[in-house]
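Chain nomenclature is as follows: A, B, C and D, assigned in order of appearance, with residue numbering initiated at 1 for each chain independently.
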Amino acid sequence: MEEREKTKNNTEMRILGFLCNWCSYGGADTAGVSRLKQPTDLRIIRIPCTGRMDPLFAFKALISGADGVLVSGCHPKDCHYSVGNLYARRRFEVLKDFLPFLGIESDRFHYTWVSASEGQRWQEVVTEFSRRIHELGRNPGFDMNTNLVNSEAR
Amino acid sequence: MWSEITKKLQETVQNIMPQVEAVIGWERGFNEIRIKPVVIKKEGDISKLVWNPFCVQNLSGYLVKSPAVIPREGRRVAICVKGCDSRSVTALIQEGFLKRDQIFIIGIPCSGTVDWRKVMKRLERSSVIHRAEIKDGRLMVEHAEGVEEIPLREILLRRCLRCVYPNPTVSDVVIGETVSPHIEKEDLYKDVEAFERKSLDERRKFWAETLSRCIRCYACRNACPLCICQDWCIAERRDPKWVTQKPTLKDILLFHGIHALHLAGRCTECGECERVCPMEIPVMFIKEKLNETTLRLFSYEAGIDSNLVPPLLTFNPHETGI
Amino acid sequence: MRIGVFVCQCGTNIASTVDTERVAQEVKKLPDVVYTTTYMYTCSEPGQQEIQRAIEEHNLQGVVVAACSPRMHEPTFRRAVEKAGLNRYMFEMANIREHVSWVSNDREANTKKAIELVRMAVAKLRFNQPLFPSRVAINKRVMVIGGGVAGIQAALDCADAGLDVVLVERRTSIGGKMAQLDKTFPTIDCSSCILGPKMVDVAQKENITLHAYSEIESVSGYVGNFAVRVRKKATYVDWKACTGCGVCMEKCPSRKVPDEFNEGLSFTRAINIPFPQAIPKKATINRSYCIYFTKGKCGICAKVCPAKAIRYDMTDEVVTEEVGAIIVATGYDLFDPSAYGEYGAGQYRDVITGIQYERILSASGPFGGHIKRPSDGREPKDVVFIACVGSRDASVGRPYCSGVCCMYIAKQAILTKDHIPNSRSYVFYMDIRSPAKNYDEFVRRAQEEYGVQYIRGRVGKIYPRGDRLVVQGMDTLLGIQVEVEADLVVLATGIEASRGARELAEKLHISYDQYGFFMENHPKLRPVETNTAGIYLAGVCQGPKDIPASVAQGSAAAAKVLALFARDTIETSPQVASVTERACIACGKCIEVCPYGAIRWKELKGGVRKAEVITTVCQGCGLCNATCPPKAIQLQHATDNQILAEIEELCA
Amino acid sequence: MVARRKEKKSQNRIFIPLEGLNQTLENLSKHFTVWVPMPSGENEWSLEFKPLHRGCKILLDRQSTLPPKKVILPQGQTLIEYEYKKSESDPSKQDLVLREVIDESPIIVFGTRPCDVRGFLVCDKVFLQGRYIDVYYRARRLNTLFATLFCREADDACFCSSVGSGPADMEGSDIGITPIDGGWILEGLTDRASEIFSLCDCEAPDEKQIEDARRVQEEVRSMRVGNLRTDGVLEGVKGQFQNMELWRDIAESCLSCGVCTYVCPTCYCFTITDEPQGLRGERLRSWDSCMFYQYTQEASGHNPRPTKLERYRNRLGHKFSYFPLRYSGMIACCGCGRCIRSCPVSIDIRQGVERVREAHHGCVCS
């Protein structure tokens, strides 16, 4: 947390991207190769498949101070592992529906499908998601690191 | 009324005893309003069995959690279930933890079980309870400081007040009359809906305050018949290290998130998690939300049809809007 | 762990928008990092040597390279660290080029982002474990899907090298689009004359099993060991008995069957052999036109067949072929020009497509090689060719160039002049694309020797005038409206992905682009490999190309298969799931979700069951890991601890 | 609240009127952290000790669900904070900087019951006696004062009188609280009390109030809470150690949760973990429970207490046999009954003890 330095304009958001190795990571590469300019807030974690993506990764990130979590994989029916993303989308949808119940904006979690050839689409996804997160502002989260038991100030 | 059912229950067990390894039921605990689970293995113990609205525990976990009673070849284990408990049994069958032909299900329609804390709250001062009796929908408690009469509805557990499956959904024998649910099915998630009408800030504040009481005793987890990780829950382990030991809200919330998301599409709303919480945290409410979600998205209710696969353990390529 | 971090400048690719020096200085402060440096081109030979030197000098146990995408150079650097004695999985990459320097010019933000990406890589690396591959035997049979020229070439090359080849063709004969062509550019040699011998070769090779009139049902397995279920569609003729004599076809009373091979310009019979050079040369009944099937009585073919080969009760048959590699060469289809209403395709009979014109030109075509108008059989005098019909036009969803139309228009214009010396040809074009050997010369010949008139501009409208057609367009060079009266208009319809390509890709677990062309692993360096090991591409299924390029790819794909099969076993990636047995609660959820059936029960003493991964079958998707509630099953190299470390580095 | 100021003089008794409780404790909270029993949540039955805040609801009418254990043994306690300092010139060299976290701030726990304080007397044996003194525990323990109620609120689960204590047991307490009509009499039991009283700004009780208090105390002293017999258990546990049938009978319905241990005033088991974050980190001591499988999981993979039966045996055995055998007969149970009351499946440790006794005496006879 202490190293969460901000850029000059103080506006960088903490956005995590979980991208499947086969499609979306390649799509992000394609966007790079094509020099398609994107906001700089996103940090990408490479996973083999969206099927690998336990919703708890996103959940943990969001309660640990991430302002947004973006998951992207192969288009449905085009999964490198054939069905990983079909399982994943159900789990993601449940998480998305669940977050607001705890008081976390649903939009802070977004999942989508971008193929390795869709550099431009990746640019659009990143731009739009970053814009939305900037609009939502910092994730107020919970007073996460409050030491509850030692707390004498309650 | 309860003594009649108890009597019938004992008779039934008497009859099936030769074919079963054991009978999992309830017996009187340290006072009249505290009942505890019992495993009957010999005929002489059958008289311990009771049934009344204090039989709060869902016993189905004992069928699968170690050291569980495993029937020998060709025999079965008998278990007493309320409506809600029967769904847990079905869910366990669904997920392959149980074989239907290895268990004998004694179903008991249930019109609600009592929250002992609500009873204690009605007493002037905590004191020794001499006698408790339920008659005409009212509980009469005779205790050291006097007598208290309370309408039953006022002391039922929250889970019971929103129960829509009061009658066992699966059973080999049913004891007692069919009862009608407290609420209509369409009202099942009205608490969830009401809560969701609050602002995000209010919701966040509610959970921050409520969950900050959690002492991480894991009773909610261990009482859940479908929390099958038992001793290997990732909330307790260091490898992989999901949760730290730090006494922070983040770690508490993460534990409850793990608990809830692992039960998404599997929870049968027996409410044990909430009932057993020593800190009175409405743990089930989190799962109610997830059940509302899975019902809406996948038209799925856990523990109803033993042939279905829980929605998050399968997929549908033709699903749209997801 | 002692970690070294190498920050690549990639010339100026990274260094121009990322302060690599600062990245190296900052990450030096991280736990376990004992050495950091920057380098101009880390992937270069001296760059790799620098890593190896540092590993030795600083006794490094793990290496992070912050450079380009791991999809680019991860294998390079893994080899490099391995040479210096490290396990290749004690290496991580931070992608600070494609994901950082190339997508933003904000040097400050980029530098910060690069630092954080390296921090995440270091955090992950601290949980890395040395991993070791296992080996699995290769089934040295290869399947080629698609019997066009690319597939034929691939099949023959593999067969020549001694491999068993299974060739699967959707139609009743191999040959593909090339078999329908009259001549080929730029040499004007006869298409079937050069393809025919190759087709015959296929039929004669004993080590080629041909499944014609067959489609892929499903594919399972993995590189070295695929099992492909092939649906052999019912032909209602026992091909083992059929001699291809053609008597049935002659006697068949159902004579109004549009001839698919002739692109609908003529009729064939309900039982037919598609063209004289067909391989296999066997008859097939077209059920929807057969009187026996439609009306319930006829049976003439059965009566006349000397070989008694007719089987009305035949049903589809599914056979399973086990192969070690698959070459996909499923070709293409042509754009449907009715999307351009103004051209009147389908409305005016004398507006035809390029491939129809090929059939008209062909001696085996509907008019015996005489150029006639489909409408009245009259020989045309003025022929207009329109280029880019369904190519380079985003408005019809085809922004790409089909690559061959400019050339085949030139060829067809030349042939027209050869057939009808007093004819005049006009070509409406946008640009002329003729970039291969002898191609531009060929187009010039059409213009200069054959007097084909090239008009640069789009056609706006075609409408009839008498029995002729008026082509109205713009000559953009002269800036004037032009109008050409034509007897015949040929639309150079573009190439599009083969119908069913997407479905096939899904069965094969390979990717396709937005137009349905299959994705190669790398557009330049791995043009015939897919992202799925053991599956290769050849020909137009990967993207528009001409015959020489398709043939070259056929051979290239064959070479890849031969390289794969040169060993008896292949290394399987150790990035597979692994079970911590004591934490396994035997819930079986991993077994239930595994797409590959790679997890099974293992019985321990006392009837205790645990999940067990069949490492050679596991493909490393990690679905089991995400599903396992106690996380007893962990995907190696993408374990919970590794991913959590990355998350925490950023969020804690 | 209290209108007239009294001249400062050493008092040994003060009277706090019903409506003056919050104010009095707020006065104290200027000098001490004052922990009081209050409801867990708005509408909850459960009470827990929390630091006093303005206007909080102090409830002395029933036992708290959680004992005040956490005042001295927090559920998670940072023992050491550490940081690695990397050398600027050679990043492979680093120094370790440690900071011990010892909390010596003064605390008053108001409204404890004899069983609550008894819990600390048990823990003291572990943390303050013998060769190793726990400095973290000691720092808090020595700086904490207890104001304890003469307890009249026993219920079915209580059995303090059976384990060497009782509802009027003031051992370990600094102040005795006697509830009387209209308020409470506070009585100094140690010399630290008068200092507290001087800060309270309260009046001394009148004669009638003193008499009332005397009567209440007498009544409480005469109460015997619980009738558990513990004779023979000391040896019985050892004798029945291998009798798994017995332990199955006792603990078959146990859920292996940690409620009993976490609500127990005498359960002091903890685990120590390092929680690193980059180059910094903390060494944390947190509650652990012998009812958890992971508690005895050994690195080798072996677990000496693989099922809930062995674990329950340990809990009962530790409290009624191993501990008293080690610490001159002191039973490591204060009889507060919390484990019984809060147990999700109503397991009654008294019944367990009874069964062990029966089995033991049965053994001896046969």
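Everything below uses one rule, namely that a residue touches a chain if its C-beta (ideal position, glycine included) is under 8 Å from a C-beta of that chain, and two chains touch if they have at least 3 such contacts.
This structure is a prediction, so every number in the text was calculated from the model and none was measured.
Undergrad: Per the definition at the top, count C-beta pairs in contact and tell me whether C-D or A-B has more.
TA: Looking at C-D and A-B side by side, A-B shows more C-beta contacts.
Undergrad: Of all the other chains, whose mean CA position lies farthest from chain A?
TA: Looking at centroid distances, D is the chain farthest away.
Undergrad: From the mean C-alpha coordinate of chain C to that of chain D, what's the distance rounded to whole Å?
TA: Inter-chain centre distance comes to 72 Å.
Undergrad: Between chain A and chain D, what distance separates the C-alpha centroids? Give it in angstrom.
TA: 45
Undergrad: Compute the distance, rounded to whole Å, between the mean C-alpha positions of chain A and chain B.
TA: 36
Undergrad: I'd like to verify one number: the distance from the centre of chain A to the centre of chain C, where each centre is the average of its C-alpha atoms, in whole angstrom.
TA: 32
Undergrad: Two or more other chains in contact with one residue: find those residues in chain C.
TA: Counting only residues that touch two or more other chains, chain C contributes 582, 593, 627, 640, 644, 648, 652.
Undergrad: Please set out, as single numbers or ranges, the residues of chain A touching at least two other chains.
TA: Expected reply: 60, 64, 77, 83, 87, 91, 147-150.
Undergrad: Do you know which chain B residues sit against two or more other chains?
TA: Residue numbers touching two or more other chains: 230, 232, 237, 242, 246-247.
Undergrad: If we count contacts the way the header does, which residues on chain C are in touch with chain A in the complex?
TA: The touching residues are 69-72, 95, 97-100, 102-106, 108-110, 112-113, 116-117, 120, 505-506, 509, 511-514, 519, 531-532, 575, 593, 595-596, 619-623, 625-627, 635, 638, 640, 643-644, 646-648, 650-652.
Undergrad: Hey, which residues of chain A end up touching chain C in the complex?
TA: So the residues of chain A touching chain C come out as 1, 5, 7-8, 12, 14, 16, 21-23, 25-26, 28-29, 31-33, 35-40, 43-49, 51-54, 57, 60-61, 64-66, 74, 77-84, 87-88, 91, 115-118, 123.
Undergrad: Which of the residues in chain B come into contact with chain A in the complex?
TA: For chain B paired with chain A, touching residues are 192, 195-196, 200-208, 212, 242, 246-250, 252-254, 257-258, 260-261, 264-265, 286, 289-290, 293-294, 296-298, 311-312, 314-317, 319, 322.
Undergrad: Where on chain D does chain B make contact in their complex?
TA: 40-41, 44-46, 48, 61-63, 65-66, 74-76, 152-157, 248, 252-253, 255-259, 261-263, 271, 273, 275, 284, 286-287, 289, 292-294, 307-309, 340, 342, 344-348, 350-351
Undergrad: Touching chain B in the complex: which residues of chain A?
TA: Touching chain B: residues 55-56, 59-60, 63-64, 76-77, 83, 86-87, 89-91, 93-95, 97-98, 100-105, 140-150 of chain A.
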